[in-house]
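Per-chain residue numbering starts at 1, and chain names A, B, C, D, E and F are given in the order in which the chains are listed.
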Amino acid sequence: MIMDMRTPRANSDTRPYYVATGDEEKIFKAAFRQGLSILLKGPTGCGKTRFVEAMAHDLGRPLITVSCHDDLTTADLVGRYLLNGNQTQWVDGPLTRAVREGAICYLDEIVEARQDTTVVLHPLADHRRQLPLERLGVTLEAAPGFCLVVSYNPGYQSVLKDLKDSTRQRMVALEFGFPSPQVEEGIVATEAGIAPAQAEKLVRLGQAIRRLENGGLREVASTRVLIAAGRLVAEGLTLTQAARAAVAGPLSDDARVSDGLNKMIDVYLGG
Amino acid sequence: MIMDMRTPRANSDTRPYYVATGDEEKIFKAAFRQGLSILLKGPTGCGKTRFVEAMAHDLGRPLITVSCHDDLTTADLVGRYLLNGNQTQWVDGPLTRAVREGAICYLDEIVEARQDTTVVLHPLADHRRQLPLERLGVTLEAAPGFCLVVSYNPGYQSVLKDLKDSTRQRMVALEFGFPSPQVEEGIVATEAGIAPAQAEKLVRLGQAIRRLENGGLREVASTRVLIAAGRLVAEGLTLTQAARAAVAGPLSDDARVSDGLNKMIDVYLGG
Amino acid sequence: MIMDMRTPRANSDTRPYYVATGDEEKIFKAAFRQGLSILLKGPTGCGKTRFVEAMAHDLGRPLITVSCHDDLTTADLVGRYLLNGNQTQWVDGPLTRAVREGAICYLDEIVEARQDTTVVLHPLADHRRQLPLERLGVTLEAAPGFCLVVSYNPGYQSVLKDLKDSTRQRMVALEFGFPSPQVEEGIVATEAGIAPAQAEKLVRLGQAIRRLENGGLREVASTRVLIAAGRLVAEGLTLTQAARAAVAGPLSDDARVSDGLNKMIDVYLGG
Amino acid sequence: MIMDMRTPRANSDTRPYYVATGDEEKIFKAAFRQGLSILLKGPTGCGKTRFVEAMAHDLGRPLITVSCHDDLTTADLVGRYLLNGNQTQWVDGPLTRAVREGAICYLDEIVEARQDTTVVLHPLADHRRQLPLERLGVTLEAAPGFCLVVSYNPGYQSVLKDLKDSTRQRMVALEFGFPSPQVEEGIVATEAGIAPAQAEKLVRLGQAIRRLENGGLREVASTRVLIAAGRLVAEGLTLTQAARAAVAGPLSDDARVSDGLNKMIDVYLGG
Amino acid sequence: MIMDMRTPRANSDTRPYYVATGDEEKIFKAAFRQGLSILLKGPTGCGKTRFVEAMAHDLGRPLITVSCHDDLTTADLVGRYLLNGNQTQWVDGPLTRAVREGAICYLDEIVEARQDTTVVLHPLADHRRQLPLERLGVTLEAAPGFCLVVSYNPGYQSVLKDLKDSTRQRMVALEFGFPSPQVEEGIVATEAGIAPAQAEKLVRLGQAIRRLENGGLREVASTRVLIAAGRLVAEGLTLTQAARAAVAGPLSDDARVSDGLNKMIDVYLGG
Amino acid sequence: MIMDMRTPRANSDTRPYYVATGDEEKIFKAAFRQGLSILLKGPTGCGKTRFVEAMAHDLGRPLITVSCHDDLTTADLVGRYLLNGNQTQWVDGPLTRAVREGAICYLDEIVEARQDTTVVLHPLADHRRQLPLERLGVTLEAAPGFCLVVSYNPGYQSVLKDLKDSTRQRMVALEFGFPSPQVEEGIVATEAGIAPAQAEKLVRLGQAIRRLENGGLREVASTRVLIAAGRLVAEGLTLTQAARAAVAGPLSDDARVSDGLNKMIDVYLGG
């Protein structure tokens, strides 16, 4: 099935495609061995998820990922009672499963979650490494190998949605940015299955957009949108068609900004 | 039964009436083959729903549509436990059904939904193509043919209701506008079952209203309201009666604006 | 039982008392035959409910009415599971019943409802005429004869409570005002069972109050309050007593405004 | 039991102590015979509840009273399903009981209730006299004798909490104020069981406080607090002690205002 | 067990330690005999709870206390259905128990409760002395001896959290302040088990703090914190240590204010 | 298992590593013997949790810790009914367990909880030492040895989230700050397992950051982050690498502030 080829997964035999850009792998593994929790900061689409998949592969631990959101309750993480036959039965949530199995638990976009979700992590994130399950009346000790990893995008932070200092100071932080042009060209060519020359053109466009900063964009073109453009090219679209649909379209709804992006696409990819 | 004739449906043998206005069909199909998610932008009543129905027909996939709203929960999309006999039983939501069956899942007016609904789409919309069902403790791989399509109307967007960049950058975007007069005349005549000359008059009225822009209207006359006017004409009403009820009435409650619209109706359709 | 005489009902043999003031009956019936949805606009107490009752009678369709409010949920319209014995059993809501039986479903004061209620109407209100029952996992096709009618009072509309354009443009609109003096006198005399001369006096008072516009009243005297005054007269109260209790009392709590209304009552009805 | 003597009740043989101050009894009974709904306006403690109890006695109808509040739901009024054995069973709410039994249903302080509570009253308050029970799928016709009475205090009304015009115009309104001194003295002496001379002093104090208007009080001394003061006097307290505890204490927490009230008490009741 | 000695309780044989400071006992008992409800006003920690315990002892009535808060629902006071075996069973709340048993029901800090909690008290607090249990469909008459007592702290009141006039005017009010120095010294010495000279010093400190008024404190030192300081002294701490922990610590987090308090402690208790 | 060595726990044989910095142990134990409740104030990561663990060890009492958050309900603390077989069964919450067993109950970050959580503590925190379980209809007397301890961080307090005076004045307060350099060096060396010279360098960095105060940091470097840096050093990272990840990363997302912190790291730890 063609899609399976394109979607490498944690827990599989092949290491997910991730190229280190600094000492992030070394620090992750040191923190893991010390049982410390880890905070990944960086913009959307720069490869944080891939990084965690690669680390889980290297360390031989299962990876359990939770995408956080406004309505994620503590019960969604920890577990709840469900009616089964004529008895209520406890069903572990993903965090509890990770604590029992010694898995890496990755909470993506943690600031989206309500504060109760982050506070329940406190005894797990500090020296105690415990998860109190109030509704069961027990406290679990985290199994060896359990590691809590959370990510967030500092660009999104507002006064209302921020990580409390008491949470932050329970974690070791790693900062992520976009890869260098050479590395990014390799990623785009590999992931999209297109020629290096085409990938180079798309990356040059991405770099130019990232230099705009104050051009009316909230976020710049991520590696992810460049790969998406490449995949449309692989299906026979022109570079210009692909970049309009996969890069300019997602970045803005503002007519003036879109015009500007489309002109850049013509300059960098046209002809 | 006369009504069945007028309501072409996806999954049926006839292709829904849709006329391409650019490369939107080509890009949709390329994204579909690559397993990429698709974002449709455009004003109300311009044909986005028809377009998805036509694509589902061409690609031979079932189409599952969900109209999003403020109170749509993740459970509404993904599924929930229901009591059956004396056991709780899991019932798949429409998104889960689409993931299992490899259907096209169309989330109409996605920005109306709460953020948890959009965040649950993240692992499904990116390279992972996975739907974690936390309450079942399993993660589904999307079946081949599954394609996530979402739509929204940029004109409605506010600071409070907007699509997050981390969601947008997981999608390929297609922009929709109203069709050209010739194409629109064909649509109105066909859908309403009226004479081309009548359809032409209604479309000329619609074009004139769309040129007003700052005339106190939040939205302009869509193809949909022109068809509705045509259908009242098909029942024996005059063009003027039909346009007052189906075009002017829905567009504004403001007396001054309504007067202006009614005068335009007299000019374009009267006599 | 005297009350039954005074409360004509839809589905009964007698046509509810309604006098057309324009082409509203013709347009309603044309839209009905085309399966289009209908939006009734107008002030409180001007006869919108009676109009729908009369149309249901003429078209021979059952009428199902729902008074909308802030807490009306989609489930209240569509249906829900209820526990019955030791099984949960689905119970249709009024909208679903109307869809299955081909009834006219009248949602009174639609803008009071939450947006999820209006969005669930979209696939039903447009060419699809479908009601997706997510919780049952099925999509119902509306039976022939089903017709969606909604009403609202443009005078109440605020930025917060307004009908979305995507909802409005799925409907044909009919505007209602108060009837002409002659027609209104007939209505008041008939409904209240009083002499034409008395009805004429009450209607002249109502007309005078409607001309005040900026006299501190949010709404003017409706046909409904004139009928109520007439009914108190039929019980032996004087015109002045009746109008103070049934017209001035409901219209304002402001002492200065009430004084003004009472003076008008003395002028028009006194002596 | 001494308390039973002091608490006359509706449905008992004795008419509750109520002295008419105008044509309110005549209008109430005319509206009742016509099946019209009734709106009582007036300040707290002026006798609205007693008036309804007296009317219920005169008309020989049971009286069902509901004190409205922010969290009163439609289900609280109309009824709900409760689990009984292994079946859910419908239990009528007070409004539904009144509709079935032809009782007077008195909704005290209606503006405190949420809008859904008032909107559910619409088909019951107008010519239809129907209560749709959506969850049962049936519509009840009100039994003869059913009468809807609501009360509110215009002094409390704010922009947020107000009765909608569409609700008000479905009702006949009666305005209440405090009784004349002579009548009030009789009420205080009778209800508290004290000498007429003592009641006269308390009423003169009450009159004086009511003339203050802008003395920092939100509400003035009601007949109810004068009766309470009288009852403390009946237990052997001095007029001054009683009025400080039962009149000044409840009226204000502001030190300056309390001082003023206590000085008035000394002037009117001291020595 | 040493703690039992220190915690006198209502319903026990010993009268709780309470010294009257005015006619509050006389008024409470008169109101009780008349079946009137009672409102206690006063700052935190001035002895309101003790007063009610003493009154319950003197009148030989059981005392049922409820600490009110934001999330206290009417059901928490009145009762609810609970599933028991395969039947739902009604369980009385504390207010209902008090109504049935003729107990004194003390609602502490009533303004913290939601308005529905206060409105449910209305028919109980006025001449009716009735508690309607809507969900059971019955109305209870309060047993002889039932007495409703509520307390609140006027210092906390805001526009948002205030007792409605219609509630206040159903009650007799008693105002509480801190006791005179001599009385307070006796209380502190007795409750903490320390020498009168030590108690005198603590009370002099408390008096000085109460004179500050505008020194940045929201509330002044209550009798309660002076007793707590005394109890630490009884365990061997110095007066200064005890007052810093039990008086200054609870009163403020502001560094400048804390410094001021600690200097006062040195002046009044040091050396 | 290496992690168990690093995570000393309450209730175990070894006393948790805590070094007193004043009379906090003496006051805690005096308050405990008197049955008084205790309020711990101080910044995040300064050792409040360790202090409570040490006190529980010294006093030989079990320790039950609850991390408070926005969504913690009274039921989460006190207990709730759960369905078991075909009966509902009461399950004690952590506070109730502590009350029954005479344990120390530690509510961490109490201001995060809703007010109902703090108000339910009132009868437990004052002379009554009672926990009313409304839903069971019983009131528990706290077993000897029960002690309520709450903590909060005054730096987080806002107008919206603050401890009420009526709660504060029921408690004895202890203020915490960071330990002296010598003590802190010992803690860092012991907890991280690194050389004293390395610990000294990290503590000097921490001291320097704490002197910044207005450098754009909401909170300063806690002892906890210095230990985390030490643990990364123990895994072979350089002091600079470790401090960037464990100190600078968690403290700020602001580029300018981060630069400043990294320069300080170079100055204090580099070379």
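Here, a contact is a pair of C-beta atoms (placed from the backbone, for glycine too) under 8 Å apart; a residue touches a chain by one contact, two chains touch by 3 or more.
Since the structure is predicted, the reported quantities are computational estimates derived from the model, not experimental observations.
The minimal number of chain-to-chain contact steps leading from subunit D to subunit F is 2. Comparing the centres of all chains, each the average of its CA atoms, the largest separation from subunit A belongs to D.
Centres computed as Cα averages put subunit B at a distance of 30 Å from subunit C. The distance from the centre of subunit A to the centre of subunit E, with each centre set as the mean of the Cα atoms, comes to 53 Å. Centre-to-centre separation between subunit A and subunit D, using Cα means, comes to 61 Å. For subunit D, the set of residues touching two or more other chains reads 83, 86. Taken in ring order from subunit C, whose neighbour in the chosen direction is subunit D, the chains follow as C, D, E, F, A, B.
By the touch criterion stated above, subunit C contacts subunit D in their complex at residues 1, 3, 6-9, 44-45, 49, 65-72, 76, 82-86, 91-94, 97, 108-109, 112, 153, 156, 191, 218-219, 222, 224-225, 228, 231-232, 234-237, 241, 245-246, 248-251, 253.
Residues of subunit B that touch subunit A in their complex: 23, 26-27, 30-31, 33-36, 39, 41, 73-74, 81, 83, 86-88, 114-116, 118-120, 122-123, 126-129, 132, 134-135, 137, 141-142, 144, 154, 157, 164-166, 168-175.
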